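Report on one structure; see the data block that follows.
We just call them A, B and C in the order they show up, numbering each chain from 1.
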Amino acid sequence: MSRTREFGVGLVILSAIAVGVVGTLWLKGTNWGRPSIEVDVLLTDVAQLAPGNGVKFRGVQIGRVATIAVEPDGQAVRVRLQLQESVSLPDDVVVLLSPESFFGSWQAEIIRRDRYPSFPFYEVQQPMEGDVRVLGGWALPELSRLSAAAEQISANLADLTERLGIAFNEETAADLARAIENFGVLSDDLRRLVDQQSAIALSVTSSADSALTEIELATRVARRSFERIEELLTDVQIDSIVTNVRLASGHIQDIAEDLAGSSDNFATTMGRADSTLARLDRLSARVEAGEGTLGRLFADTTFAVRAEGVLGQLDLLLQDLRENPRRYVRLSIF
Amino acid sequence: MSIRLEEVHKAFGRKEVLRGFTIEIHEGETVSIIGGSGVGKSVALKHIVGLLRPDRGEVWVDGENVGRMPQQELYKLRRNVGYVFQFAALFDSMTIGENVGMGLRRIPEMSRASIAERVAECLRLVDLEGFEERMPAEISGGQRKRVGFARAIATEPKYLLYDEPTTGLDPVTTAVIDELIMRMRRELGVTGVVITHDMNSAFRVSDRVALLHEGRVRFQGTPTEMRAADDRIVRGFIEGRPELMGAAP
Amino acid sequence: MRASVVAPIQGLGSAVLSAVASVGTAGHLGVGALRALRKGDMWGPHILAQMARIGVHSLPIALFIATFTGIVLALQASYTFTGAIPLYFVGTLVGKTMVLELGPVLTGLALSGRVGANIAAELGTMRVTEQVDALETLAYDPIAYLVVPRVLAGAIMFPMVVLMANAVGIVAGWLTSLWLLDMSSPEFLKGLRLFFRSWDVWFSVIKSVTFGLTVTSVGCFFGLHTTGGAEGVGRSTTHSVVASSMIILVLDAFLAAVLL
């Protein structure tokens, strides 16, 4: 009796502890003593990366993020990766941090540097520190940052509208006021772009097709808005602003109808996004140079500089979007 | 060496059970405390072993103040006091042998063999030889009571407290128990305190009898003195005439 | 003053006094139990039996509850998540809920009925049949002899039972996902691992230790303070289950607020 009781108690305690310890280690993803190597990554920012996140190479998970710590000089963050020993990495690799899924976890992807030549990967000074290899890395801007950037553009445009209002109100007739109103509409349009962007992030669509449509819609609105700005800035004659606005509206109408009918593929959407950006680039360049009547008005402000930064981010994202469309498609459909 | 309760007061909530209870029990004598049901006889008894502590008044056993004694001292004192419970209070999960040996196992110098020997001896004393391996549920009420006896005397206490030892027993078993109480005094020289409402038993086993009434000792004396007493309450109790007791002031 | 005015005030006073008194008695029991820990010779021999009773014999009911909790969690999660949220979140929900909340709390509640009531009834019976007094007269400290082994066994064995229950619940949820929800093992595991932190397991263990202490000590408290015969034993048993269930739920909220 006493013997079986002792055995029972012992068995329960042993198995419970075993369940607890083994379960915890297993869920944490311990490699159970399989040989592993450590690789360090230096970057300026780790976004949402956390210890335990997966490390992928050519799409295959080959390890985990072990630790994340800011360097003593405060100039970089050091991420230690624990990788399977059996995988040998090519020479010119870098690490790209990106969202693995819309919810929660991020991942560290080991890629060849030439895959994303324009990405500002961290420049590593010492490629080997003792036995540990050190790679440069870069964290992709998050979707939320993109939204923030678009919001910034929108705010800048609202600012511009206000300036125009102050400059012309006293001297111009009612139709100029109407033109300024149009600027208000423009700013609204851009704000709507921001909203739509958030909507894309939050809305749940069930297929890749509808995700593309969403992207396209947003791009279309952006394009329309930018075209308007450009139309307005092209001609220095204030009198012609109103006409141009009307023309632009008509033009936009055409484009909208044109787009509404067709079911564009992803490539053309990309094309349009690109040309939109090109225009925005030109716009900002002109603004910066102080060209044109309107351009001079805000050449002294920091608007151009800010717009440049925002455009840079948009450009990088767009490039990533082009190369990894699936990542973003998955974002909106999970 | 004696037991002395002085002006003991004890209340449970609003109910005052003992109201200045005073009694002295000398070494070697057996005293019965009689009284109706629920007048606090058991309460008085429990004060002697420190199971209850007085609200006011003092309890002296062997010249030590039990009411103020720290718990550890109490455990030492209790080795000298055996307590026979009303319904035996045997531990259901243990055999008779284990029950009787409980107190002995608290004594460090007792070996397993000497405990077994002493248990057998105590059981023999209450005429339950060879009952060691039985369980309490398997024996009769009278036998349980005798096991309770054996357990109380196992540590060879100087004092034995009996809580209603004969209540609910048939006359023959009552006689056996009474005989046991007398034998304890005669052969082991223990000092005894018996709580009972069985007058015959009280008169048979005691040197002195005390009547507990309304929280105090109403009368005490030898059985002969008590039989001759003309106190209304005493008469009412002995003769079983409630009208006399109800008329008391 | 009129009786109609005095009576309610008196009632309030006596209620507060008795509440304070019972807190005092409980504290006394607690202090006594801590002191009695030193008397290893008295509780040592009994702890194994109590561990068997509280831990081993409670395992079937705890695992039974955990199994069905796991199944229900998986099914309800998939029902809630349809379309909107990826299905692998079933794994996350089953794992998190099981380990953080339902494993410890449901086991605690079940065992407050099984273990707590059992202790209250046992000690209550011992109290009304004067067995507790008998222990005292035989120089046994009832707290060291009766309370300490039960409370210690509860504190040791509850976490064991809860760990097993957690594991069984998660496995049940997993199998449900595989067989009834058309999920794959990697999917379920992905969700399970997504937000897993080893602190979750510690939290579960800490919770179950406090629940073990609660259930057993409340059972002992009500058992030892039983009065009034068989009816009193019944009352103590009920009170013990009600009180420990309530304390478990309050502690649950408290620990979540403090430790998470």
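By definition in this document, a contact is a pair of C-beta atoms (placed from the backbone, for glycine too) under 8 Å apart; a residue touches a chain by one contact, two chains touch by 3 or more.
What you see is a predicted model; the values in this text were computed from it and never measured.
Farthest from subunit B in terms of Cα centroid separation is A.
With centres computed from Cα atoms alone, the innermost chain of the structure is C. With centres defined as mean CA coordinates, subunit B is found 89 Å away from subunit A.
Rounded to whole angstrom, the centroid-to-centroid distance between subunit A and subunit C, based on C-alpha atoms, equals 49 Å. Separating the CA-averaged centres of subunit B and subunit C is a span of 41 Å. Taken in their complex, subunit C has these residues touching subunit A: 48-49, 51-52, 55-56, 59, 83-86, 89, 95, 156-157, 159-161, 163-164, 166-167, 170, 192-196, 198, 201, 205. On the side of subunit B, the complex with subunit C involves touching residues 46, 49, 51, 71, 75-76, 78-79, 81-83, 85-87, 89-92, 102-103, 106, 151-152, 155. Residues of subunit C touching subunit B in their complex: 125-126, 129-131, 133-141. Against subunit C, the residues of subunit A that register as touching in their complex are 2, 5-6, 8-9, 11-13, 15-17, 19-20, 23-24, 27-29, 101, 103-105, 204, 206, 334.
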